[in-house]
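Residue numbering begins at 1 within each chain, and the chains themselves are lettered A, B, C, D, E and F in the order written.
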Amino acid sequence: MSAAPSQADPASKAAVLAEALPYLRRYSGQTVLVKYGGHAMGNGDNGDPFARDIVLLKQVGINPIVVHGGGPQIGQMLQRLGIKSSFIDGLRVTDGETMEVVEMVLAGTINKQLVAAINAAGGCAIGLSGKDGGLIRARKLTRNGSDLGFVGEPERIEDRVLATFRQSDIIPVIAPIGVGADGATYNINADTVAGAVAAAVKARRFLLLTDVAGVLDGEKRLIPELTAAEARRLIAQGTISGGMIPKVETCLAAVDGGVEAAVIVDGRVPHAILLELFTEGAGTLIRGG
Amino acid sequence: MSAAPSQADPASKAAVLAEALPYLRRYSGQTVLVKYGGHAMGNGDNGDPFARDIVLLKQVGINPIVVHGGGPQIGQMLQRLGIKSSFIDGLRVTDGETMEVVEMVLAGTINKQLVAAINAAGGCAIGLSGKDGGLIRARKLTRNGSDLGFVGEPERIEDRVLATFRQSDIIPVIAPIGVGADGATYNINADTVAGAVAAAVKARRFLLLTDVAGVLDGEKRLIPELTAAEARRLIAQGTISGGMIPKVETCLAAVDGGVEAAVIVDGRVPHAILLELFTEGAGTLIRGG
Amino acid sequence: MSAAPSQADPASKAAVLAEALPYLRRYSGQTVLVKYGGHAMGNGDNGDPFARDIVLLKQVGINPIVVHGGGPQIGQMLQRLGIKSSFIDGLRVTDGETMEVVEMVLAGTINKQLVAAINAAGGCAIGLSGKDGGLIRARKLTRNGSDLGFVGEPERIEDRVLATFRQSDIIPVIAPIGVGADGATYNINADTVAGAVAAAVKARRFLLLTDVAGVLDGEKRLIPELTAAEARRLIAQGTISGGMIPKVETCLAAVDGGVEAAVIVDGRVPHAILLELFTEGAGTLIRGG
Amino acid sequence: MSAAPSQADPASKAAVLAEALPYLRRYSGQTVLVKYGGHAMGNGDNGDPFARDIVLLKQVGINPIVVHGGGPQIGQMLQRLGIKSSFIDGLRVTDGETMEVVEMVLAGTINKQLVAAINAAGGCAIGLSGKDGGLIRARKLTRNGSDLGFVGEPERIEDRVLATFRQSDIIPVIAPIGVGADGATYNINADTVAGAVAAAVKARRFLLLTDVAGVLDGEKRLIPELTAAEARRLIAQGTISGGMIPKVETCLAAVDGGVEAAVIVDGRVPHAILLELFTEGAGTLIRGG
Amino acid sequence: MSAAPSQADPASKAAVLAEALPYLRRYSGQTVLVKYGGHAMGNGDNGDPFARDIVLLKQVGINPIVVHGGGPQIGQMLQRLGIKSSFIDGLRVTDGETMEVVEMVLAGTINKQLVAAINAAGGCAIGLSGKDGGLIRARKLTRNGSDLGFVGEPERIEDRVLATFRQSDIIPVIAPIGVGADGATYNINADTVAGAVAAAVKARRFLLLTDVAGVLDGEKRLIPELTAAEARRLIAQGTISGGMIPKVETCLAAVDGGVEAAVIVDGRVPHAILLELFTEGAGTLIRGG
Amino acid sequence: MSAAPSQADPASKAAVLAEALPYLRRYSGQTVLVKYGGHAMGNGDNGDPFARDIVLLKQVGINPIVVHGGGPQIGQMLQRLGIKSSFIDGLRVTDGETMEVVEMVLAGTINKQLVAAINAAGGCAIGLSGKDGGLIRARKLTRNGSDLGFVGEPERIEDRVLATFRQSDIIPVIAPIGVGADGATYNINADTVAGAVAAAVKARRFLLLTDVAGVLDGEKRLIPELTAAEARRLIAQGTISGGMIPKVETCLAAVDGGVEAAVIVDGRVPHAILLELFTEGAGTLIRGG
C-alpha cells in the first residue's frame, strides 16, 4: 500500500494536507459512486492506480461503489462468435443471443477483472450484476418507436444489499445488467445505471470518470462548478453539445434524485478521484438548485 | 411461495410434522452447504423447485450456501468459439483462452441464472466467484506430472464475506473459480470447491446433490449412514468404486475438515434437500469417526 | 424429543414439508394462544402429546401461551370438603370458601401438573395465575341481576410479564384466576380468559381446543373458515347454536380485540395444533371483517 | 408507597442516611434471599410491611428473592379433609394424598397470597413452585432408615429462570416444592430450599427471618457476628442448641455454597430487612471462614 | 467511606429508612444541581462532609453537578497584586487585568481544591470552567447603563460535555467563567450560572446552598414550599426582601427553564443535601405553577 | 475550518494525498500524545495553527491528547507577587506559596487559554490538571539530597477519565500538576508528564514539540530515525548532549513504557504535526528495540 514518498517540499505538503483533511472528514461515512469506463480498465496487477484509489477511499472511512461499462470487450466477443449488431441512436440492438454475450462478458469477465484488481490492491470487492440481490429492476427501453430488443433502463434500484455492504469492508462493483419483472435480462447504459444507483443510495458524490477535462465554456475553458439550472441553460444555449449532453443529463438525473453533487472528471489524470474529493476539486461539479 | 396443499391425510401429515420440527430446530442458525450440478439447473422461472427449497431453508432460519458446476455449458461455448480441449484423467486441460471462456460461462452465465432463479423464488441470492472478496485462493494442480494449465485446487477459503452474509438474508451462490497468489485465474472442480467451503465455514451438513441414490452395498441396497472409517474401508474393499470414489473422497475431506456430516443425495428426487434435512434422511450420510 | 419416523412415503413427506415450511416462517416470532381444556390434561409423563407439541412450537421460534380450565377437578375437591354449589346459567355461584378451593385446585394442582408435563417434554414452562405479575385484573360479573359471588370477568390484562417471557425460552401457563381492584380473588371462565389474553398480546392465532370438529353448516359439514360477519350471521340464523355459541362469541371477541384469527379445533385429534398451524388448517377459522 | 414522615430530628435523620447510603450502594444490583415464615404471612392489603420492604428493595436496585413456608395452613387443610399425619424427627410423613394437599396449599393458596400482597404494595411478584422452570430438582430424603414418603431435599437448583427475572422488575416468590427425576412431587423444608437457592444464585445476603432475636451467647446476649468456624464451635460446645441448630446449619450450608453472609433476623421487628441491610446490622450474621 | 454508626434506636432508624428509600428511587438516574458557596469550601481532607455527600449521591445513582463561587479568595488575590476594584450594584467592575485574576483563582485554585476534596472522598470529579467544552457561552452584562467590563451573563449552556459525563462516574464541578462570541472571558455570578446549568440539563432539583434557613414568612417561620406564583407574590408584597430576592429570582428562573423544583437550603446544616433529598425536606422548595 | 487552497500543482497534490492516506488509516482510532511548549502558545483566535491541527486530527478519527508547560508565565506572576525562586539543576524549588501560584497559572490561565483556542478552532477541548479525575498521582522528587519542596514526579496515571473521553469528541488538554497520596499538590516537569501519560494510554505516537529540528549527528545533519538502543549509544558517546539529553530520555521512557514511537519535532514548522504523522516524517523518531 505504501507509495513512494512524494517529492514536494515540506511546506507544500503541509499545505496540501491542511487543505485535504477537512474534506476527508466531510466525506467520512459517506457514499461516493464512481462510474469507471470499460476502456480504462487496469490489468489487475498490484499497480492499478484506479483500484488503489478505491481501496484508499474505503480505508479512510468512505464507502465507494463502482459501476463499470464494457463496450469494446463486448464488441470483440460478438465478433468472435460471428454475431452482427445494428445500432439505433448509438444503442446496440440486443437480441437474445447478443444479450447472452453481453451478460457473459460484463458479469463474467470485466466485472471479475475489476474485482480482482481491487482485491489485489488490498480491498475486499464483490462483483454484482443487477440480478444479484435483485439489485436492478429494469424495463424495456424504446427509442422513437424502434424495438431495441433487450435494451433496458433502470426501473427500481433495490439497495438492501448495498446497505448490508455499507456496514462491512465490502466494496461493491456493479455490472450494468438489469432484470425485468418477467425475468428477462436487460442491457443498460452504464452511465445511466451509475446515476440511478447514486440516487438510490443518496450518494454524497457521483464521479463520472470520462476522457475529457469536464464541461468547457464558450472559450474552451473548464467550468469548475455549475448549478443544475445553469447546466440546463448551457444545454439549451448549445454551449454543452454532442457527447457531453448525455453525460450532463445523467448528472442532472442523479442530482434530481438526491445526490448532493455529480462531477464529470477526467479519468486519465492519475489519482483523479483523490484530487476531486480532497482538494478544491477537478473537473466540473454539478449541484442541485 | 404457497404450495398446493399436500394430499396426505391429516394423521400422516401430523406424523411428518412431529418428526420434522425437531430437525428443523436442530439446524436453526446452522450452515448447510449444497453442491448443485450444472446439468440440473432450472430455467429461472418461479417454478424452479431447487430454488424454492433453498429459499425455504433461509426463511426458516438455516443458512444455505450453494456451489454450482457447469460442465455442459462450458463445452458448448468452447465449441461455438472453435476452441478444442484435451482431457487428462477427466480434467479439461485449460489454457489461457479456455480459462477465459470457463470463467465467462461459469461466473457470467450459469451463476447469474441460478441467482435469478433463487431471487424469483423470493430469496436474496448473490453470486460469487472465487475472486469476489478473495473467496477462493487457488494453487495450480498437477496430475501425474502432466501440465493441466489453469486447473487449480483450493488452497485457502477466505470466509469473511460469507460471515457477513450469514448475519443477513443473503444467500451466496458460488462459481468454482479460484485466484492464485500470482493473480492468475484457475478452473477448479466444483465438488472440491463445495467440500472446501463446507469445511471452511464448519457447515453442519454438506449435501452433495448427484444423479444416483447414494452409496450402495454389495447387494445394491442403499447404505443410509457410514462413519468415515467405514467409508474408507468400503473404498479399500472395492465396494465403493468408479465415479462414486471421488464423491465419497470429497465427503471425507469435508468431514475431516470439520463438517459434522456430508450426505450424497439424489438430486433428481423432488425436494431432496427437505427430505434429507427434515426426515430421518435420504441418500448416504457420512460422519466423522 | 425424537419421534418414531413417520411411515409416509418420501414423496408424501416432501409434499407435507414443502407445504409446512412457509407456514412455519409466517408464524416465526409470533404469539399463539392455546386454550387447553381441563378434561384433556395429560398425566405429566414424557409421552404427553399436547405438552410435546407446545414445546415444539417454542423450539421452532413461535411463542405459545397456554390457558387452562379445570372444571372436573374443582368439583371433586369441593365434594371431598363437603361444600355444595349452585349454578346460574351454567356458572358456579362462588362464595368465599368455594373461591379458596377453586384457586387452590386451579393454581396449585392443575396448573403445576401442566407445567410439569411441558417441562418433562423439554420445555421451560412457568405457571401463572392472574395474581402473578398482576396479570388479570378482574371485576365482578353479574348475570341477570343474580349475585354469583366471586365470579368475575377480565377487566384488564397486564401483559408486561408476558412481554418479558417472550424474549426468553419461558412458556407461560395461565390459570383463570383474577384479582379485583379491592384485592378480592375471582373465578373466571377459562375460554374468556384465553380470548382476553390473546387479544391483549395481539396473538397471531387463538386456538380454542374443544371436543368437537368445529363449526358445522346446515348439512353437518365442517366450515373451514368464516369471517366475523359470517359467524354473526350464522348465530342469528340459528345455524350455530347451543354450546357452540359461547365458543364462537369468545373467538369473535378475540378477533375484535386484535387477534388475526381464532380457530375452534378438535383437541382430540393427535397433534391438532401442528395440523392447524402448519397445514392448510383443521377446525373452523374465524377472522376479522 | 409514601410513608408517614419519621419523627426523628433532622440531625438524627442525617446521621442515619449518611450511614445507610454506603450500604445501599454496596447491595446495588446484588441478590438478597429472604426466607419468610408461613406463620408471619400478611393479609394481602396495602399495609403489609413485609411486602412493602421487599418492594422497596427492588425499587432501589436490589434483587430480592422470597422463599416461604406454610406449616399451619397445610395442617388445617389436611384436618378438613380428614387426612391424618404422623411425624418423624419433626418431619411430616407425606404419602401421595398428603402431598397433593401440601402442593395445593403451598403453591395454590399461600404462594398466591404472598404474591398478591407484594403486588398490592406496588411490586411485580411472580409465584414459583419448584416445578416452574424446573427450578428445584429434588431427591427423596431418608432419615434414620425411616420412609418419609414424598419428603425430599434439593438436589439441584436450575436458576436460569431466576436469571431472566434478575434483568426485569419481577420479584420471584418460591414455594418449597420439588420435582424428582422420575417426575414425582416432593415436600421440602422451606429453610433448606431458601439456603439452597441462596447458594445457587450466589446471593450477597441470605436473611432467615425467624421469631427470635438471633444467636445468643452463654449470657443470653445477642451475638452480632460469627465466622462459620465459630458457629460450628458453638454448636459443638452446646452454646447453640435446640431449634437454633438447624437454623444455623442452614446458614452454614448457604455460606459454604457461596453466599457472602447469612443472617438470622427477628422477623417480628418492623422493617427488620431494612435494618439488617442498611444499618450496622440486626440479628446474628454468619460469614465464611 | 464508612461512617460511625448512628446513635438512633432501631425503630427510629427503620422509620427513617422506610421514609428515605422511596425518595431515593425517585431521584435515581436524575440530575441534581448543587450551588456551593465559596466561603463554605472544605480543606480537601477526607473529612470534608460536603464532598462526602456529593460522592454518596453519585454512588446511589444520582447525577450531581456542582457549581461554585469564590468571592473572598478573589478579593484576597487582587489585594496581593495591588489591583483595586469598584462595585456597582454589588457587582465587581472587571477590567482585563482583574478578569485574569478572577479566572486564575476560580478555575486554577478554588475549582481544583473542590475537585481534589471530592476525589479524596472517593469520587471522580472533573473541574470545568465555562471554556471547557464551550460549556458557558456568555454575553456582556450591562446594568443601568454602567459599563461593568468583563462581567457577563449566560447566553447559552452547551451541555454535550455534561451529557457525556452523565453516562460515566464523572462528577462535574463548574467555575462560573464564560466565554463570549468574540472569545473574551467573562466573570459571571455563580448563582446565575448554577440556575442556568440546572435549566439546561433539566435538573430534577436545584439546591441553592446558602447560610440562611430558607424563605421566612411574616412571623419569621420557615416556609417549606412555594409555587412560583406564590413566590412572586411574596416578593411583590415585600415579605421576601433584601438579599433573599436574587436567590428566589434565580430559583424562579431555573423553574421557568424546566427544573422541577429549586430549593433554598441552609448549607451550614451537616448533610443538608441528604436531608433535603431523602426526607420530607429542609429549606424552602419552589416549584412551577 | 476551510483553508486557502494550496498552490501546489494537481500532480504534486495527488502524490501527497496518495502518500498521506495510508498513514491516515494507520492512525485511525489511535491515540497521539502531543507535548506543546508554554512559550509557543497561540493567542486563542481562530488562526492558531496548532489548535487547528489538533482539531483536524480529532476530526479524521485520531485521538489527540495535549500536555502543556508554562515556564515563562509562571515566572512573571511570581515576580508580580514578589515571590523569589531558587533553582537546583534547572528545577524551581517550590515552597507552598510558590506552588499555589504555579497551579493557578498552569491550571487557571494557560490551560484555559489553550482549551479556548482549540474550541475556537472547532474542537471540544476540556482542560485537566492532575487533580481532575485523580489523573496524576505524584510523589516528591528529590535531587542529590536537596529538598525541592513541592516538585514531584508521576507515580501513577489514572487513565479512566481519558478512556471515557476517547469514546467521545472531547480533546483532553493537561496541565502538569500532580496530587500526592497525602493530598499535597506537586509541580511536575511537563515533558515528564507528557511521556508518562503517553505510556499510560499506550499512545501510538508521542510528539515532543520543541524548538530544534531534532537529533543531529556528528555532522549536524538531522537523524530521521533511531532505535532506543542507538539513542542510548549516542548519549553515551556524547553525540547527544546538553538540553537534548532529557528530551531523548523522556522519549526513551515513553517507548519503554509501551509507546510505539516517540518523535522530537520542530514545533516552529507550520503544521509540524501533520507532516510528522502523514508524510514520511519530520524530526527524529525513536522506536523500541
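What we mean here is this: contacts are C-beta pairs under 8 Å (C-beta built on N, C-alpha and C of every residue); 3 or more make two chains touch, one makes a residue touch a chain.
Computed from a predicted structure; not experimentally measured.
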item: Co-neighbours of chain F and chain C - touch as defined; value: none
item: Distance from chain E to chain A - Cα centre to Cα centre, in angstrom; value: 60
item: Centre-of-Cα separation between chain B and chain A, whole angstrom; value: 35
item: Centre-of-Cα separation between chain F and chain A, whole angstrom; value: 46
item: Junction residues of chain A, two or more chains touched; value: none
item: Arrangement of touching chains [line / ring / star / complete / other]; value: ring
item: Ring order of chains, beginning at chain A and proceeding to chain B; value: A, B, C, D, E, F
item: List of chain E residues in touch with chain F within their complex; value: 44-45, 80-81, 100, 103-109, 111-112, 115-116, 119-120, 124-129, 131-134, 160-161, 164, 168, 170, 177, 179, 183, 185
item: Residue ranges of chain B in contact with chain C within the complex; value: 1-8, 10-22, 24-25, 28, 52-53, 56, 59-61, 269-272, 274-275, 278-280, 282
